[in-house]
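Look for chain A in each of the two complexes below; its partner is chain B in the first and chain C in the second.
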Partner chain A sequence: MERTYVTIEGKSRGYYLLVTLLGLGSVSLLVSFIVSYLKGQQVWGVSNIIPWGQLIIFYIYFIGLSAGAIIISSLSYVLKWDFYKPITRLAVFMGILLMLGAMFFVFVDLGRPEKFWRLFGYYFLNNMTSMFVINSIFYVVYMTLMVFYLWLIFENKKKWAAIVGTLDVIWAISVHMGTGAIFGLIGNREIFFSPIKPFEFLAAALTSGTSLIILTTLGVFKFTGRHIRQDLILSLGNLLSWLIYVLLVLVFVDKLTHLYFPGREPALYLFAGNYWWLFWVFQIGMGILIPLFLLIYPQTGRTVKGVSFASLSVIIGVFGERAALVIPGTAYPQHFFPGFMEGIWGKPGIFPVTVWESLLCLGIVSYIALLFVLGLKFLEILPAQEDEAIVAVEGSNPLLKKMG
Partner chain B sequence: MESAVRLPILIQGSKSTRPEEEKMPKWAMVIDLDKCTGCQACIVACKAENNVPHGSPEEQRRRRDIYWNKIIAVTRGRYPKVQTELIPMPCMQCDHPPCVTVCPARATYRREDGIVIQNYRRCIGCKYCMVACPYGARSFNFRKQDEMEYHRPDLPPDPGSREVWPFPVRTQGVVEKCTFCFHRIDRGIREGKRIGVEVLPACVEACPSCAMAFGDLDDPQSPVSIAFGSRTAFRLREELKTNPKVIYLPR
Partner chain C sequence: MLQVIHVLISEEWKMSLRVAAIAIEVIILTAMIYSFFLGLRLTLSDLGLQPKYEGFLKLVLTTLGIFILTFFIAHLILFYPGIIP
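The block that comes next holds the complex of A and B.
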């Protein structure tokens, strides 16, 4: 017996209200983009010291969410765990939209956005030693694969979906590792420079992607009055805790490497400089420790509420992790000459949060959310109401079974 | 055989009239920190020559003012036993420039004579080169330059003394940097002048204490080679192996 998928009706007052709100948010994207294009990037918080700001933080964050969503979606088609079927279409659809959002963020971050097409039009005729170019090729293929994968799922071509899905997962891994390499390869910025940065990015992508899927599933299912199997959310929570362990180990190894040898000032700056809270409160606190505690502690880890709070914490924490890379990584002053550098060149940079830059981010986020909400209305993404027979066919949580 | 070809050049000295296909020069700059008084005339000359905007106090506070050439102050020790060094830092024109490696659009590239150039028309403004530059030599153009900054009422109305470069081409939203005044060098070569003697970058020309020398590093008779060979010399952040062509002589 096959699970059926339906569109949502989308005629309720709440739905229209949501669409209107997100539409208004999208208008702010248009307005702030026009303002920043005409006035230049002086209306943002970026400077010559911190050239990358909120938009790049969101860009790597969204790429991570997309890669994470695609990898999680593979559980049902690639690994053939039918247990996760109800969320597969949702995850792939989210993967596409988040990737689209990431591309929006890169687009508006450019000083000359009208030349954006060159990155995606010239391919190998661009400078192939630049990680941006390698990534742009990754992104184009990734987007195509995802759309193809979703189409195959819609057409219910299971065999092909498994093949394309496998390819897509491998590609998603390389996409996000490539994004990590944008930072990991920069040898003059000590906080960036690390060979395990791509793996750290991948682990952060998986944790944030899983968390976003948990939260979106819960939200959408609740909003549309659907019943969700509790053990599905709990098993995703269990998966999330393992992913956070991996992330913790990678972050620890990365920071230990930077801290161990005497050239440790950059790492100390990250821990105790003016952006210490990005690292300790968000990356370590909300991204790792709080969710780990919530997931391990039996009274919260075995309830949907506990898992959803842990997911929310990870969503915010991983965003902080991206910020704790981009902002302090460039804010730390480069030491051109031995001795104490006086004046502005020796001071760490400061990144002010500005209205237009934040509005741009808000606008893109709401535009993507709007597309998601509209997609639920016009595409068969959500499963029809639970049926006992289907639940029996799809079986119980394979992760828990494997772990005994 | 090659030494036979090069012999006349050695005798002629620093002549740039030799045929271009013979050998590409390797432009370099030597800054003698012992002679440098830290007067910052080089910075002002650079701003005037290349029409680099001054930057409002607000922009300076936000660190958005454009510097093609900057001076950093480095101190050692504590007052009263303190030593301050003022170090002019133009673009280092690296032999292995990280900015060229990371630029996706091939907007920044290394010319055959070793000058690293930024092409504003190709630059998409991704700012990756600013992240990758170990010397903070690159500045982003955060806004459209004001008309006032082009027309410069403080200068005598003599357009003939200035070429097209660089007045009309400054663009908002791209990254820019020091060019070693390649417009002067190229014009000097066309006119058959001796580069490093008759033709100099604006900062070198303006230096009142003659602390800076410019010329072809491959030419042993050029002022830059003579200065380079005179004392111990160092480059900034040598551990990164970018191999800069701005060379410093210590105090």
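The block that comes next holds the complex of A and C.
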């Protein structure tokens, strides 16, 4: 049966309230940007010791969410599992907006955003061994592909959507692995340096992307009075548990390798230094152990509520994972000539959370959420209510069948 | 001549003139951005963009315009030269 997709009316009091709140959040972006531009990056928490702060944490987090959302969207158009079709448009739309958000973060982080074009100034004549240049090419093509993919879906050109969708998924994998490689290939930052890092980034992207899709689907379908199949959410929960296993193995191997290496001090700093809680509480606790327990324990793993809590835990945990990479990774001093010439004063840095940097991040998140909420009103993203009620009794769950 | 002007015009006036010049500059830039985005919208419509996408496109361009203007305001405040050299 062919589904019809509709826009939401967007005239309820709750909708207006949400738009107003997100609009106010977006205004904080404008104000904090002006302050940051006039006063310089000194109003942020970044310093010579920790040059990457909240904006970079959000940037890699959003890239991951975007790549994860696009890969999940491929379940219906690329793998032809119609079971997941109700959430495909939502996933692609979110993929585009999240990538836009990621670009906003890195754009503002430049400090002088008007100079961004220099990254693209010479295109392939740039230093092609620089991961930043390679990634800038990845990002431009990725955005174009996603917009084209969504347009093909809107126009119901299924054959082309499958082809472009496949290309987009491959590209999304490259985009996020490329972002992981930015960190993984920095040899003099021991916490970053790892050939596994691109794969770890990809696994984290998939877990956080799937979790965000689960929570957004539940939220949007509930607030617009739509029926959502429970087995669709449970199936995504099942997929999420497998992705968390993969992430767990990659994190374990990565950290074990860093511990085995004689110069293991940076790894020990990550585990027991100033920011131990970012690693243990967020990355390991909320990003892996808690959701895994919630998903494999039958009484919670087979309920929508349990899957929702697991997803929420993953979303917070993976954000912590990004922070656990960026902050301790740069805070640990670099020993150029040990005992003789040490990074910056040879002591680990402290990253202060400042108002203007936090407001910038909050503003960008609000703006992206605002575009999403307004997008539901202007674009045909959600399935029609009556269609969902009919389709609810049809179809089977391919993932649950395959995974047992 | 310049020295005479500097003596005749107080610092407050110089500051006010600079603010007025920035405001005029922002108005001109607003008109330019509006024209540019309107042109973009019309071009996309000519190329066959369906009316159902227009609302969202308008929204994105409006918010983008606001961001660009905010940037211009910040940039002009920081780098606009004094009116009297």
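The rule we apply is simple: the second predicted complex is superposed on the first by the 386 of 404 C-alpha atoms of A that agree within 3 Å, B and C clash if a C-alpha of one lies under 4 Å from a C-alpha of the other, contacts with A are read in each partner's own complex, and residues count from 1 in each chain.
FYI, contacts are C-beta pairs under 8 Å (C-beta built on N, C-alpha and C of every residue); 3 or more make two chains touch, one makes a residue touch a chain.
Small disclaimer: the values here were computed from a predicted structure and weren't measured.
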Touching partner for A:R189 - first (chain B), second (chain C), both, neither: first
Which of chain B and chain C A:L325 touches, first, second, both or neither: neither
Which superposed partner A:S47 touches (first chain B, second chain C, both, neither): first
Superposition-derived comparison: chain B or chain C, residues of chain A touched: B
Touched partner set for A:M146, first chain B, second chain C, both or neither: neither
Which superposed partner A:L65 touches (first chain B, second chain C, both, neither): neither
Contacts of A:F337 with chain B and chain C, given as first, second, both or neither: first
Those residues of chain A which chain B touches in one complex and chain C touches in the other: none
In the complex, chain A residues that touch chain B: 39-42, 46-49, 51-52, 106, 109-112, 115-116, 118-119, 126-127, 129-133, 136, 182, 186-189, 192, 330, 334-346, 349, 352
Residue ranges of chain B touching chain A (in the complex, touch as defined): 59, 62-67, 70, 72-76, 84-85, 87, 89, 98, 100-106, 122-128, 130-136, 138-144, 171-175, 236-237, 240
Touching residues on chain A, where the partner in the complex is chain C: 26, 29-30, 33-34, 37-38, 113-114, 154, 367, 370-371, 374-375, 377-380
Complex contact set, residues of chain C against chain A: 52-53, 55-56, 59-60, 63, 66-67, 70-71, 73-75, 77-78
